[in-house]
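Both complexes below contain chain A, partnered by chain B and then by chain C.
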Partner chain A sequence: MNTFFQLFVSGLATGSIYALAAIGFTLLWQASQTINFAQGEFIMLPAFFVLAGTQFLGLSFPVAMAIAVVLSLLLLGLGFKRIIIDPLLPHGVLPIVIATIALGILMKEGVKQFYTAEALPFPALFSDRTLNVLGAAISVQDIAVLLIALGAVALLQLFLNGTKIGRCMQATAQNPNVAEILGVPVRRMILYTFLINAGLAFLASVLISPIYLAKFSNGETLGLIAFIAAIVGGFNQIRGALAGGLLLGVIDNLSAAYVSASYRSAVPLILLIIIILVRPQGLLGKAEGRTV
Partner chain B sequence: MSKRTLATLVAGLAILILLPFTQSNYGVFVLCSWLVYSISAMGLNLTLGYAGQVSLAQASFMGIGAYTTALMTMAGVPWPAAMIAAMVLCFVIGLLLGYPALRVQHHFLAFITLAFNALVVLVLRNEEWLTGGTYGIVGIPRPELFGLQTQKPLAFYFFVLALFVLMAVALYAIIRSPWGRAFKALRENPIRANSLGVDIRKTTLLAFAIGSSYGGLAGSLLAQLTQFIDPHSFGLTISLKVLLMVIVGGAGFFFGPILGALLIVLAPEFLRFTEGYYLMIYAVLVIVLMIFCPTGLLGLVERARTALKLRQNPNATTWEAGR
Partner chain C sequence: MLELKQVYGGYGKMTILNGTSFKIDKGTITTVIGPNGAGKSTVFKAIFGLLKIRSGNVILNGEDVTSLPPAKMLGKGVTYVPQGRNLFPMLSVRHNLEIGGISSGDQAKIAKRIDEVMEQFPILKEKAKEQAITLSGGQQKQLEIARALLLDPSLILIDEPSIGLSPQMINETFRTLIRLRDQGVTILMVEQNAKAALAMSDFGLVLEQGRSRMYDRADKLLADPRVGQLFLGAHLEEA
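The block that comes next holds the complex of A and B.
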């Protein structure tokens, strides 16, 4: 029972990081019908910005983090939208899928060629002490990660529901044409969405890299999991992506312990197939109108 | 088919027959893998280009076909039976996978097939008693035809070429049949096609299943070509590679996937001097292509042709010029 509780909590911690990625994913989908297949690499890259700052430029850790935030917003937010998505949007979903897959390869290979192919340790933001809760050893880092990630999601919700810009963004996501008629600067709202996605990716990156080490190929699994979390929870809901992320984190941890190590990664995949078959709108999602 | 197209086709076939004689063993191997991937991409083109469904599982069908053929021929089953079994198995799995997936919105097939491909690789890797795990299967025999061995590269090339032509003709017949026209109608305007009595789900499902069995055949040929298979050769990256072949060449054009396969199979040969930067250059090229020409190279050709006709006859509508 203690092991179960331990696995459950650490699963929630990694799950909350998956949730950040999944939320960014759904936001992009809502705002501009962009399925970002490079989402995993978006989470892999910012950690390397930080490491490049501390290792090559000799910056202190906080300064490197600050520069990495700006770089992430510029490249993964603004640059991604202007250079890749804007020209592709008129052509529909498929070219975006292909182009973001290619972008993922480019980012991965870029880090491998110009930085390193090895897994690098990333400074932990919190101590790795463990607390004794009801006989189970719970690490402080897990709790802190969980709190920060959930805090970020709560802030995001507050922003989307409580501010004028947030409401304009929701209107844009629901119906860009009507939003434009009502005077919402639709293009700027979409840009904000891309910036938020980049910010979430940065946060996920610095939270997960101390746990999994920073490696060029981290994006492969992260991207797939974020993607599955978004669909399982509900592709058109922030709540859904959050629930999906937490669920996947816990399931992943528990199945590693109780199913089998070799079929561990099959569990989320099977969950995905079952969800699509039984409840295609996701656990918390609302059914969208059928396209046909 | 006009006389000119017929002449071009005959010339193309003549080149395909004569070309391998000028090549080294390695050159013949590259040509063979081009033809094999072309068959796979042709199948995916039926699903993607004609029926408008994105599938990310073509490599897993190649894997199923390859392992079926390898295991059966090595157990002593004659190769024609093994290859037909591989195609039938892929067709059935395609039906089983597509039936529930096509019930829902269009991009869900992409998600389900993505998960399916990852699952197939896991099973191939973990069920060592059957598939040899990560070590794969070595020593797959090449077929023997009327007492002729195809162990030599040239002989095997002609075996692959014959099957390639056969599958291309079969695909052409499918596309030209009323049934294949229903695929196109679906892609262009599903609601209108439905109102004219096309059963959307049944038609797309069949397109997906036929496309999958093309993948199965390509897989069996690949197993015989390399005589070694492992799970790595059928992962998601390979599915993406086949998808790219279809898109780069031009989805929905008959010769699109064949051209795309040629470019993608040859690209590593030409870009070899770039060494580690190869994949980066490749990725940039793909992004640029998607931005400037999302309909693929044949789409670009068609656009140029339409523009030319419009210039010669400014009074024609775009639609007339596009004919």
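The block that comes next holds the complex of A and C.
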């Protein structure tokens, strides 16, 4: 029972990071019908911004983190929207899908070619101590990651529901044409969404890299699991993406321990197939009508 | 109040408005009628800056407002209620109203205005905290009209307000528009339900193939056999 609890909490911690990435998927989808298949690489890259700052520029860790946040917002938020999405958006979803797959490959291979193909240790943000909770050894890092990720989601929800800008962003996502007619600066609201996604990607990056090390290929698994999490939870709901992320984190951990470590990667895919067959709108998602 | 002078415009290479010209007076309800494809909704988009006008002019209170963007038109006292469902379904009724005033520089005034508007629409006050998606079709239309009032408009462009509503709710919506007219608001309306719309309007405008073919008092248009012919597929003879 203790081991189960330990695995459960650890799964929640990893799942909360998946949730950050999955929420990014849903935000971009709602705001601009963008499916970002480079989302995993968006999470891989900020850790390398930090490492480049400390290793090559000799910056202290906090300064490197601050610069990495700014770089993430500029490149993964503003630059991504202006250079890739804006020109392709009028041509529909498919060109964006192809472009973001290409972008992901470019980012991954770029890091491998110009930085390193090795997995690099990333400074731990929290103590590696463990706490005894109900007889189970729970790491401080897991608890801190879980609390920070959930805190970020709660703040995001507070921002979206509790501020006028947040409600304008929701209005833009729900009905962009009417939002424009009412004077909502729609383009700016979409930009904010991309910036938030970049911020979430940065947070996910610095939370997960101390656990899995910083490696050029990290985005492959992260991107796939976050995408599955978004679909499982409901692609059009933030709370769905959160639930999907947490669920996948827990299932991944428990299946590795109790089913088979070799088949752990297959479990999210099996879950995805079941959800698509049984409840295509996701666990908490809402069915969307489409004109055909 | 509003004048269109020889307005040409359309989508891509397709021309919908072929020299549309008309003039409406302040504090009146004018209904635009015409067969499908006549350019009724397009003319609203052209007035409100959602469609690039190729040539011609839109004059509002003596000022040339041709192709001003929607945000600027809101500032000039014009609001637009498009066809269909125009709410933000997951936001509350109050927050839907709030978005209607978002372009105003005086948000304190808008907060007060929301309360005033809700007094005019008691059902919205009652359901202020509920999601807009929970309202009935008629209530949703009331919310759209209420939201259009947030900025104290002098001109409301309303496209097909009766669409999807029960006869009772259509009457209720038309009564609301008459009440607004009586308060001095000018209303330009597109309506498929031409007979009912003309019956409650002051003036009527017949559009055909992007041109204004008839403009007269609504009761005269109602009695004009040529208007009936137009809706049965006949073309009006050149004036």
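Note that the second predicted complex is superposed on the first by the 289 of 292 C-alpha atoms of A that agree within 3 Å, B and C clash if a C-alpha of one lies under 4 Å from a C-alpha of the other, contacts with A are read in each partner's own complex, and residues count from 1 in each chain.
Throughout what follows, a residue touches a chain if its C-beta (ideal position, glycine included) is under 8 Å from a C-beta of that chain, and two chains touch if they have at least 3 such contacts.
These numbers were taken from a predicted model, which means no experiment stands behind them.
After superposition on chain A, the partners chain B and chain C are seen to fit next to each other with no clash.
In the superposition on chain A, A:A266 contacts chain B only, with no contact to chain C.
More residues of chain A lie in touch with B than with the remaining chain of the pair chain B and chain C. Looking at the shared chain after the overlay, A:E180 reaches chain C, while chain B stays out of its contact range. In the superposition on chain A, A:S217 makes contact with neither chain B nor chain C. When the two structures are aligned on the shared chain, A:R167 is found in touch with chain C, with no touch to chain B. By the document's definition of touching, of the two partners only chain B reaches A:L277; chain C does not.
After overlaying the two complexes on the shared chain, residue contacts for A:Q113 are found with chain B alone; chain C is out of touch. Nearest C-alpha atoms belonging to chain B and chain C sit 9 Å apart in the superposition, given in whole angstrom. On chain A, the surface touched by chain B in one complex and the surface touched by chain C in the other have no residue in common. Residue ranges of chain C in contact with chain A, taken from their complex: 48, 50, 70-71, 74, 80, 82, 86-91, 95, 98-100, 102-103, 107, 147.
Per the touch definition, chain A reaches chain B in the complex via residues 35, 84, 87-88, 91-99, 101-103, 105-106, 109-110, 112-113, 224, 227-228, 231, 262-263, 265-266, 269-270, 272-273, 276-277, 280, 288, 290-292. Per the touch definition, chain B reaches chain A in the complex via residues 54, 100-101, 103-108, 110-112, 114-116, 118-119, 122, 125-126, 190-191, 194, 200, 240, 243-244, 247, 276-277, 279-280, 282-284, 286-287, 290-291, 294.
Contacts from chain A toward chain C in the complex involve residues 164, 167-168, 170-171, 174-175, 177-185.
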